[in-house]
Every structure is written in C-alpha cells, then in structure tokens.
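First chain A sits with chain B, and in the next complex the same chain sits with chain C.
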Partner chain A sequence: MSVAANRRRVDPDPAFARAFEEAASRLPGARFPELATARERAIARFVELGIPTQRDEAWKFTPVARLVNRPHAVRPPSEPPLERVLPHLLGGPKARRLVFVNGVLQPQWSHVGGLPERASIESLARVLETRPTAVLEELAEPDQGRSFTALNAALTDCGAWIELSPGTELADPVQLLFLTVAGASAPMSHPRIVLRLGAGARLALIESHVGLEPGPALTNLVFGARLQEGATLAHDRLLFQAAEAAFVGRAEVHLGGASRYEQTTLALGGALLRSESEVSIEGGEVECRLCGLAVPREGEHVDTFVRVHHRAPASHSDQLFKSVVEERGHHAFAGKIFVHPGAQRTNAYQKNENLLLAEDGEVDVKPELEIYADDVKCSHGATCSELDPSALFYLRARGLDAATARGLLTWAFAAELLGRLADPSARAAARRALAARLPAGAPADEEAAA
Partner chain B sequence: MLEIQDLHVAVDGRPILKGLSLRVRPGEVHAVMGPNGSGKSTLAFVLAGREGYEVTAGSARFGDEDLLALEPEERARAGLFLAMQYPVEIPGVANMYFLRQSLNAVRKSRGLDEIPAAEFMRKVREQARLLGIGEELLKRDLNAGFSGGEKKRNEILQMAILEPRLAILDETDSGLDIDALKTVADGVNRLRAPDRAFLVITHYQRLLDYIVPDVVHVLADGRIQRTGGPELARELEERGYEAVLGGRLAA
Partner chain C sequence: MATALDTVKDYTEAEYKYGFVTPVEEDRFPPGLDEDVVRRLSAKKGEPDWLTEWRVAALRRFFAMEIPDWQKVRFHPIDFQAISYYAAPRQKERPRSLDEIDPEIRRTYDKLGIPIREQEVLAGVAVDYVFDSVSVATTFKRKLEELGVVFCSMSEAVREHGELVRRYLGSVVPPGDNIFAALNSAVFSDGSFVYVPKGVRCPMELSTYFRINAAGTGQFERTLIVADEGSYVSYLEGCTAPMRDENQLHAAVVELVALDDAEIKYSTVQNWYPGDKEGRGGIYNFVTKRGACRGKRSKISWTQVETGSAITWKYPSCILQGDDSVGEFYSVAVTNNRQQADTGTKMIHIGKRTRSRIVSKGISAGHSDNTYRGLVRILRSAEGARNHTQCDSMLIGDRCGAHTVPYIEVKNRTAQCEHEATTSKISEDQLFYCRQRGISEEDAVALIVNGFCREVMNELPMEFAVEAKKLLGISLEGSVG
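After this line comes the complex of A and B, so read on.
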C-alpha cells in the first residue's frame, strides 16, 4: 500500500479492532443493522488509514502514534465519588448538564429538564437508540482521510445532540463533562457532539474533559456545529486531562451569516492534547474568535491545529493562541487562514505568542495565510521568547524578589486567556488549574488589591 | 549616604564610566548633567543593579552596605529608588496590585507588617491627587497604554509611596510638557527631607529650575568633569557643554 510505503501512517495496534469486536454488540444502537454496518465500515476504514506519523503534514510536530497506538478498553465501569466530581460541575446552579465517566452517561449528575419547547438536549446514546438515521447521516460525512474521525464513527457511544430552533435562547449554560478515570483499565471514549443552532438562537456551551486518575487513556472527540443566520455560540473548552492520558479532538464549525462564534480552549494537563478546529465562514458579517492557552510541562505535548476558511465576503475572524512552556513541555501551533475566492472585505487575524520558560521546552509554530481575494485585511504574527528582562528588572527594582517577579509576569501573560472564557465558573475553575500549574501560582491576594 | 569611588563600568566590553566619584549626603539634592552618551543612564542603571553593566573597578557604598554586591530588589528594600527614563509597560499586572506588593516587600524587609488595604488606598489616592493622576489610571495595568507624561507621574507616585532614602531620577523631565514638569517637580520637592537624598540625572537645566539642587556635577566621557552649585547648571544652559568643558569633552 502506497500510504504505508512512505510511512505517513502506521498500522493501528490490533487491540483497536479487537476492542471494536468485543464492544460492537453492546454499543448504543447496536440493534439497528444499518448502524452496525456503518460502524463495521468505519473500523475497517480506520485500520486501512492507520495512525498518522510525523510525515503527515497535519501531524508534523506530534508523535501521536507513540502516545495513542496501544490497547485501550471500551467503557470500563468506574464510579468516582461525588466530591471528586463536584469541582468540575460548572455553569451555575441552573446549568443543564450531561456527565459521562469513561464514556458512560451518569444520570445521577445529569439533568437537561425544563427546556423551552424549541430546544432539545439529548445524550448521543439516546439518539443512537431513538433516531439512528440522524446519527447515520453524521457518520456518513466523509472523513477526508482522518483516522481518528473514522475511529470515532466506529466506536462513538457518548456525547450530545443539541438543537435550538430559530430564535431560541438558553439563559443558562449547558455543560458537557467528560470524566476519565484511568486507573489500570486504560479506557478510551469517543464522544461526538452535534450542535445545531437555528437563526438567531443563542447558547453558552462549556465542554470539559477532565481526568480524575493518572494512567493511559484516550478521549477521541468529534464536535460538529452549525450556526444559522445570526446565531451565537460561546464555546468554553477545558482540557484538564490527567498524566499519561491523551486527548484527540476535532471541532468542525459552520457559520452562517451574521453568526457569532467564540471558542476558548484551556489546555492544562495531559500527555497529549491535540485540539483541531476547522471553521467555515459561510456568510457575511460573521464574528469568529478562537483563543487558546496551553501550559505543557514534564513531557506533556499540546498540539493546536487551526483552520479558518473565509468563504463569504465581509466577515471577521480573530485568533489568539498562547503557550507557557515549562520544563520538557512541548507546544505545537499550526494555524492557517484561507480566504477563498470572492471573500472580499475579509478581516482575518492570527496571533500566536509563546513564552518559553525552560531550555528543554520546545515550541513549534507554523502560521500560514492563503488568500485568493484582493480586498482583504489579514495578518498573522508568531513570537517565542523568554520573560522580558527589562520588565523583570522593573519589578525587582521596586523590591519584588526575582521568583515573585517571574511568577507575576508569567501569570500576567497567561491570565489574559482566562478573561476570554465566557462563563464565570469556567473562568474560576481554569484559574485554579492554571495557578496549580504555574511555578509561582496565582499572585497573592490579587483580588483584594484589584 | 551614597559614596561612589573611582567607578569603572563597561557595557558589552566597552568602557562607559571611567573613574566616576561622587558623594551624596542625607538631605542633599545632587544633579548630574551631561551630554548624550556621557554615561548618565549607565550610572543610574548600575546603581539600581540592572544586568549587563559590568563593574570593572571602583566601589559604591550605600549607607553601611556595599551597594554593588546587592541584588536589585535588595537595593530597593534598602531604600534606593530609580525613577526610570522609560518605565516598562506590563499588561496583565494591575497598577495598584503591583504597587501594594512592592510596598509590602519593602516594609517586610524593614520589619513592618503589611499595610492594611484601606490605609494603602488612602495613601495612594492622596498622592495620586497631588500628582494629577486620575482614578482611571490607578485601575489600569502597570503603565499599559500610559502616555509618556502619565508614566513619569506614575514613577513619582511609586516613589512617594515607597518613601526611599535615596531617589535617582533618570531624565524624568524628558517628554514632559511644562505643566507636567511642574507637577512632577512639585512631587519631588514634597519628598525632600533631611534624611532623604536625590540624584537628579538630566540633560537640560530646565528641571533644575523647579528642583533646585545643592550640588551640580557635569558628567562627560565617563567621569565627573566639574562640580559646582546651581549656577553651574545655568552656565551650561547658556554656553553649552562644549564651551563649559573646553578640551575635556571627548569628540
């Protein structure tokens, strides 16, 4: 096979196919032959595609096979105690929420009741049982050679299907919380989130992926959202995986005219966090903002992969991605803006700033613009630096010791992204996680002085 | 209070200060004037402890201490303050948060408790009012988006709150219009005290119309070339550095 010959892919561990065979009959919707066939096809496709190596341009900086190509278990049972889960329940007392542990819905912590008539939030497992053809259509979307999308199609068993009819607005956020309890079982889960916002609909979504126990684990997410004319989606994403765990996520977002999409991703823990976003702007007057902060350390690898397509005139996209790379941390950022023919009067910006705190940390950046229209304003900028010596001197010359000054400057650099999260409780949770991660933590009594 | 003897400093291996000596007693205001490139800012930075300034010979004592052996923060805590020519913008660090941390660091080293929040705010507001610094500026991030004049006022505010024993003002007049200059000078004059000294580094005489020095030094080619009273500053203003220094000014 030519694909194997140039080694852009390696064969998946046979354990994936075995896990599929063992799990297939108990996956939600298994009783529907069409669905079962689609899943069979998808696992065969995954095996055929293989797992990308660093020869694959889209995975150039990330040794994903090393971290992911190993045996995992499907839906190993686990019951984490409530007190471990509580800190991760976000969105306020009135939030609607679906909580999963290793891919299994936890009804005791989930509630999506009291919705307006024209809104629905269902767990994906339920939709697989009640409306399998709807999911089939989603699974039938071409994977364009993406192995993990094929793997997700084969094994998807959790996640959510959210639809808001035109003009529907949810006053309180919706949280999707995916907990992974690794332990010895090396669980994998394949969540799929389908989001449809009708014209003028508004939603605040908090998507959390949290590891409660260290150990090998894989979360392989496919997120697909369609926003009709004038719809608004605030999308906060917290990636707090535990040590040794891998997260591979792809978000595909279609934006209709005058819609507004704000995505903020905080990547604060996990052996591998691959966060792929592909946004297609399909109407004018769209406001799209993508932001992210990565703080990898001690062998952690964060890979941020962004594609923004301007396919219609007069829209605006803005990207701000930062990283703080500590000892043996690795951040890879690849971001590309496409301005397609006819997308005149596009404003598209991309900023990538990396703070490299350790000599053995690594940062790879690949910013790109591809423009096929002449009346556009586009720019990208990428920086990689240490802390500014003149700022350090300024703080020390006012009496702050070197460690405090470094801590304060690092916090100031990173904390900008906390402010981009739409939900206050997500911001507070991210603030705690960030403080625990940075060497000097959060500045002492910052609030009191503010 | 400050005693500099035969100080030699090099930057990137190039000698800048070449045997500078200076003695400042408590309560005195000394002006150091000099043409561009004479070593004025080097003097300010080497006294404050900035990296990249290599002392190749000489000494500087601050009170009982060997100033040059101290870290920048230890100098600040010992009571040395440098009002910088180009204060750094630090987005993400709130102005008031920073100032309070700074004051508490200095107080701690003097064996004092942290300042209560209410007392701190009262002090800051009072000084800010005197310096014409609006509430909005206090709430912003440290120097972020401040105009040149606002940055200089903010330096003087920090100085007023930290109450140093020795304040070095590095070209504090640069970039100030006449009203701002007067406000800043008033701020300095209010802090003049028998136990506090000032080293005012400037290119022009005009700041010295408002902050009247006890002693004026002319720095050129890395050395103090002349020392006199306030009249020396006026002479420089009228005749220029070249005429006053004659052949001593290196080309």
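After this line comes the complex of A and C, so read on.
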C-alpha cells in the first residue's frame, strides 16, 4: 500500500477490539464455532481496514473518524418508560413490530404474530441461534473495503430477518424500531436487516432509528434486501437520533425484473447521519424511487450517499433529495447513476435541491453519472441557494410578516418529502419532527388538518 | 438510423491528417532527469540564477510526488527517465525575420494549413510558433510593441522582462500544485509570454501554435499571460503532433492573471495525435491551466475544443478573487476509438458577487471514455456568488462511456448554484423531424450535433473558427458534406 493510500484510513480506537473481546462470548450464536470464527475474522478485518478519513473519496465530506472513533459499550441495559416509546410506535394498530433498545430486543413491545403461513419475521438474534449458517452466508458477503460493514459483521446482535414467499402480501406494515438510550454509557449497536421478497410479494416496512437521550452513541446498520420478479417494497426510514449520536447505515438492495422499490429517508436529528444506499437493478421494467430530506442544524452533519446501478435494460429510477440547512448544519450529498454496458432504454433521473438558510451552514454536492450505454435518458440537477427573494416579496406584499413568509416557504420546500412516505403514521411522526426543527414550525392550517 | 450514425462515425474515424514528421536537424539532451539535466537546460537557455534554483526546487518536489489515482483515465506508468527533456530544431540563432526560419519548419506549418507568412497577412493574428518546445517565430511583434503589448517566447521574456516573469511565474500554479506542474516547472523549455499594459485593448488575437516533432521527447511549455488594469486580450492555442506508436507526454502549464477590470479570453483547439484505432500511440495531454481573477470586475473565459490526444486530462480553472469577477468555461470534448478524456473546470469563488458559468459538451464514440469533472466552490466570503453549470453528453455507439462528476461546495447562503446534466444519444425524434422536412439524414445529424455544441462553438473567436475548421480532423459544423 502506498503512502497516499495509507492516509485514507486511521487506526480504530483499540476500545473497539476490546469491546469485541469482552462481548464475544455473550453475542447471540456464540456457541457456534464457525460463527465465532467469522466474527473474529471480521473484527480483524475492521482493524486492518481502519476508519476512513476524508481522503477516502466515499467519505470526502464527512469527518467520520472524529465522531465515531472513541470507546463505546456493547448492549448496555436500559429500560425507557413506555410513554417515551409510545410516540414512536408506528404503522397503525395492526402493525407487526420488533423493538430494540441499545441493540436488545424488547419482547414486551414487539409482536409478529398472526403471520400468513408463507411469511416469516424473526429477530436476528433468534436466527443467529437457530439458523447460524444462514447468517454466516450473509456475513461472508465481501465487504469491499468497507470497514463499518466488517465491524457490523463482527458485532451484529440485533435486527430482523424477514422472508415473504412468492405471492405473499402483508396488508399491514412492519416496523423495526431501534431505540438508543445514550446516558453515560455511549452505547453502540450493529443492527442487520435481511429482507427476502419472493416473486410478487408485497411489504411496507417502517425502519425507525430513534435516540431517546442525548449523548455519544453509535448505530452501525447493514440492510440487505432482495426483491424477486414483481415484488414491491415500500421502505420508510426515519432517522431521529439524539444530539451527539452517530448513525452509519448502509442499505444494499437487489431488484429483480418488474419489481418496485420506494425508499424515503427523513434525516431529522443526530450529530452524524450517514446513510448509504446502493441499489442494483437486475431486471427490466423495474421502478425504483429514492427520496430523502435532511434538516441539519447546530453542528449536525448529514451525509447521503446513493448509488443506483442499472444492470439490465428498460428500467426506471428516480431520485429526489432535499436539504434545509440551518445554523452550523452541514449536508453532503453524493449520488451516482451507473448505467452498465447493455442497459439500454434506461431512464434515470436525479434531483438534489438544497436550501442554505444559515451563514455558517455548508452544502457539498456531488451528483455523478457514469454511463456505458447509448440509448438512455439520464439527467441530474442540483441547486443550492437561499429562499427565493421574489417568492418572499410576493408573500410580504400580501401582508405576511417576514418570519411567517420565510417559515411558509421553507415548510413548503421540505414538506414535499413528507408526502413521499408511504405510511400515514410515519408521515404524521415525520411532520411533528420536522415542525419541531424548522423555526416557524408547520403552518397552522396544516397542523389542524393533521 | 444506421446510416446517420455511420456518417458521424466516418468523420469521427477520419484519419489523422497531421501525422507527418519533419526532418529537421535537432539539438537534444539524452533521456534522463536529474538536477544536472535541469541545471544544464537552464544554462543552455542562459537563465538567471533565481530561475535555475526555482527549477531545481520544483524538481525536488516532483521527485517527492506520486501520480494520483482518483482520475478516470488509465494509462501505463510513465517512465520519466526515458524522456529527453530538451529537443530543439538546430539553428545558429533565433531568426530575425520570418524569412530566416528553417525552410523545413516553414514547410511543416504550410502542410498544417497555417503558412506563417500567409497567416500573418491574411488573418491579422499574431502567432508564436512553438516547435518541439522552442519558439521558432513570432509574428506581428512590432505592431504590438507600439501599443506596449509584450508578446514573445518565454525564454525571451526571462531575458527582457525578468522582473515581470519573476513576479507572476508560479503565482497561479505553484510548482508543487500537482506532479505534472512540478515537472513542468523543473524542465519547461519555452512557451509564450504576454503582458498587456494598463488600459490597452489588444487589437488582434494572439496565438501560439504548438507542434511536437521529435520522437522520444515530451513537450513542456509554459504560458504566462498578465492583463493589467482595464486591458483586454484574446489568446488562441492550437497543436498537432506526428503519428507514432509511442505515447508522448505533453505537460504544459498555463497561468493567467487578470487585474482590475481586465479580461482574458483563452481559446484552445487541441488536436494532438490521438493514437490509432487500437489505442497505440498518441499524446498524453496532462496540462495544468489556471487563471486568477485578482482584480475587481476582472474576467477570464476559457473555451476549449478537445478532439485529439490519446488521453486528455486537464481542468482549466478560475480563481475568482476580485469582487464582481467573472469566470467562464466552455468546452467541447470529442473522444473516439480508445481515446480517454477527463476534463472540466474548477471555479473557486472568493470575492463578493463573483459569477461563473460552465457549459460542457461531451461526445463519445467507439470505445472511448469521456468524463466531465468539475468543482464549484463557494467560500464563506463569496457573498452573492452565482454559478450555473450545464454539462451534456452525447453517446454514439454502445461501447463508449460518458461520465459526469461535478463537485459543488457551498459555504455562503447568499450564493446561488445550479447544476444540470443530461446524457442521451442523438434524438430519433429530432432526426425524424428533420427527415420529414426533406433534410437528408447526413445533414440532419450534422445539424443536431452542431446544435448540441453550438453554445461552445459560438464562443470561439471568428479568426479561430476558420483555423479550427482546418485544424480539426473533424469539424462539427461541416461534419457532413
């Protein structure tokens, strides 16, 4: 390795390896030697890879080591009171749900009963105990130099394994709720979500990551989904971390022919929110829609990293990512559309709009196209500015005071993404969180309507 | 449809017309690079001590640097020790009039379609002819001198205008900027120097014509243009090279400085030998071009038409330091066969109300790869800055690649940035529309491709547009008929 390449990584805090040694024996599935060996290999790999610095192109805008490279505790116990958890239970009264606190499953709030025969929803800890070889296969997936994926493989202890056989439809959504109670212990958790949708299966998934107390914490998620022919997945993601907490998440989604995938991520809180999505379109007639809203403020940093691979002809992908950057907020967006050779008749679009409202905020954008087929329509657009002065003037001329006018325009800009969430209760929760973040809140009549 | 594409291909695949070698006697160093070579080069050119030491310091930095790996272009490692760092047509001394130029060299320029004398009289363009890194002729000098415009070879500038050169050389592109700039700073052999005094509007286009002739060499020229307060200059650059199986390195540095209210317009038609269809040979065009808008209301505009070179890897950039300064970048990059291009621009907004505009058109055919890579950076101080970027790519054939990699970094909320990019092939609807109105398929393709590049071609100065037509193996304007 050359000198230049070395500076792209820093050595992880030795506390990671210590935490692994200390926790290894009590991780689910520890009694299976193959699993234990795989985990040991993974932690060694993490130490070898190190934590990326800003010299690593994929982390160019994000000082991840500064926020993450410090001692954390594995699964510190915590019992938040029900009334603090209740507002985050989404998906309606009939939703199935797994709830975790600092990486530990909370059976009292979880239920996945009454499933059709050909569907299964299991907590990952249970699968680690009952079907370790299945998880082994997942962990053996090459990390491609991603140290956080290796760290997750070493320490993963929570999350879910969801399988729907061909043709199975779940009428009600499934919610995976990951609660972090930071307190004094700086917890870290490494959830892994595995999703298999058979041909024509349908699922609405709500993935929530919520911080209940401010303080250092790390959530390091790996999400992997495979959709067979004609399957549909609506994927709502709510990232409501508390102050000082970091979230590093990677979603890898494989889409078979004529499948439909809609992902909407609302990043509303957390010192660092890094969400990577890598979608691979492997059949024709696929509809893929990725959306996101980030509202960083007060030193928060949101990093959205998207890759869409068109590997088969005649599919469609559409991206819409927005940000409202308030004081000392920082939003980084790197999105790439990759059209592989032979993926003719691809339509791929990407739009990135940023509202920079604060003098000390920062927006960094890198929308990329890499195209190896000629019969395609691909485009991207990116903008960054303050509120449009002529729109402000229009509202002022109609008697609105400056603050109301600004609030109204900001809300209108951001609220477009609320409408992209598939689940109404997720939409309501996101609306509340967004209103709390924007200085003028939600417009009065909208609140009444909600 | 097939016919239409064939038509474009015919032109993009047209044989390189400027691939001949001129048999001139030359004076050259044996291959190799060390401090001694640099000192000998400097001594041969009779340079002052400060420049010799500046070169040596740059060489030390060069040896400490590595070729980066972030670029899209791929090439075999370059053996810097196998290159001869000085090659010049042998002549007793610099000719005093155009009649004294070596007839072989004159014939070369005649063959290229730019006879030195005719050019001078007909086009009214002042030209500096650089043959294997050494300036062989500069036309129209006297006329320019009357206005106080300095237009001469870099070697001459070092002798006659040492203080000006010393003040500005390396001030925009410092020797340690990147590995090729470091190499150039150490071994540059010649180039052009322009100084336009206060308030002078240069009455004619200034032009440099570059020609690589010798084998086993590289070309390392250095251009420095300083536009003093309230002045204006338009500068043109053209280039060709013989066909060879080896890859030759062209690592030039161009520095522009615009003071208060000054404007520099820099146009390039780059037609270095691109290699053959299998990608053998061709020029590695690794050039550092950067302009500094130091003064208030200054303006720098880059226009480039890139059709040649096996690999084009360059980012003509603007540092918008002065308040209300303007940077522009217009580019057409055509790649074909195994050519690779990774080009774009950087706009660094520092001053208040600075504005920049980027228009990039990429056309890829054959097995080529064409990348636009650009940076728009708006610093906290750049109150009210404005940027608009548009990059469009057109693909001809299904084995080529078109890529767009823009970086946008904004630290000031009053700034407005817009970026848009599209990729497509020639629209069948547009073709159909033209055909329906009785326009032949060939003309229709020409019309559409021409329309695709129009915004950039319009920016080329008139005189150059004529020359560009001759120089370009493919002319987008007349690509059919």
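We take it that the second predicted complex is superposed on the first by the 440 of 450 C-alpha atoms of A that agree within 3 Å, B and C clash if a C-alpha of one lies under 4 Å from a C-alpha of the other, contacts with A are read in each partner's own complex, and residues count from 1 in each chain.
Everything that follows uses one rule, which is that a residue touches a chain if its C-beta (ideal position, glycine included) is under 8 Å from a C-beta of that chain, and two chains touch if they have at least 3 such contacts.
Because the structure is predicted, anything quoted here is derived from the model rather than measured.
Chemist: When the two structures are overlaid on chain A, which partner does A:116 contact: first (chain B), second (chain C), both, or neither?
Modeler: Neither: A:116 stays clear of chain B and chain C.
Chemist: Which partner does A:107 reach: the first (chain B), the second (chain C), both, or neither?
Modeler: Touch partners of A:107: none, neither chain B nor chain C.
Chemist: Quick check on the superposed pair: does A:409 touch chain B, chain C, both, or neither? Answer first, second, both or neither.
Modeler: first
Chemist: Tell me the contact category for A:71 with respect to chain B and chain C: first, second, both or neither.
Modeler: Neither partner.
Chemist: Quick one: classify A:87 as touching chain B (first), chain C (second), both or neither.
Modeler: neither
Chemist: Per the contact definition in the header, classify A:394: touching chain B only (first), chain C only (second), both, or neither.
Modeler: first
Chemist: Is it chain B or chain C that touches the larger share of residues in chain A?
Modeler: Between chain B and chain C, the winner on chain A residue contacts is C.
Chemist: Taking the superposition on A as described, I'd like to know which of chain B and chain C A:299 touches: first, second, both or neither.
Modeler: Touch partners of A:299: none, neither chain B nor chain C.
Chemist: Which chain A residues come up in both lists, the one for chain B and the one for chain C?
Modeler: Chain A residues touching both partners: none found.
Chemist: Applying the document's contact rule, which stretches of chain C touch chain A when the two form their complex?
Modeler: Checking each residue of chain C against chain A gives 66, 68-70, 380, 393, 395-425.
Chemist: Touching residues of chain A toward chain B in the complex: what are they?
Modeler: 388-391, 393-402, 404-405, 408-409, 411-413, 415-416, 443-444, 446, 448-450
Chemist: Where on chain A does chain C make contact in their complex?
Modeler: Within the complex, chain A touches chain C at residues 2-4, 57, 61, 341-342, 344, 354, 356-386.
Chemist: Spell out the residues on chain B that touch chain A in their complex, using ranges where they run on.
Modeler: 48-51, 71-73, 75-77, 82, 84, 87-88, 90-94, 96-98, 100-103, 105-106, 109, 117, 141, 158, 162
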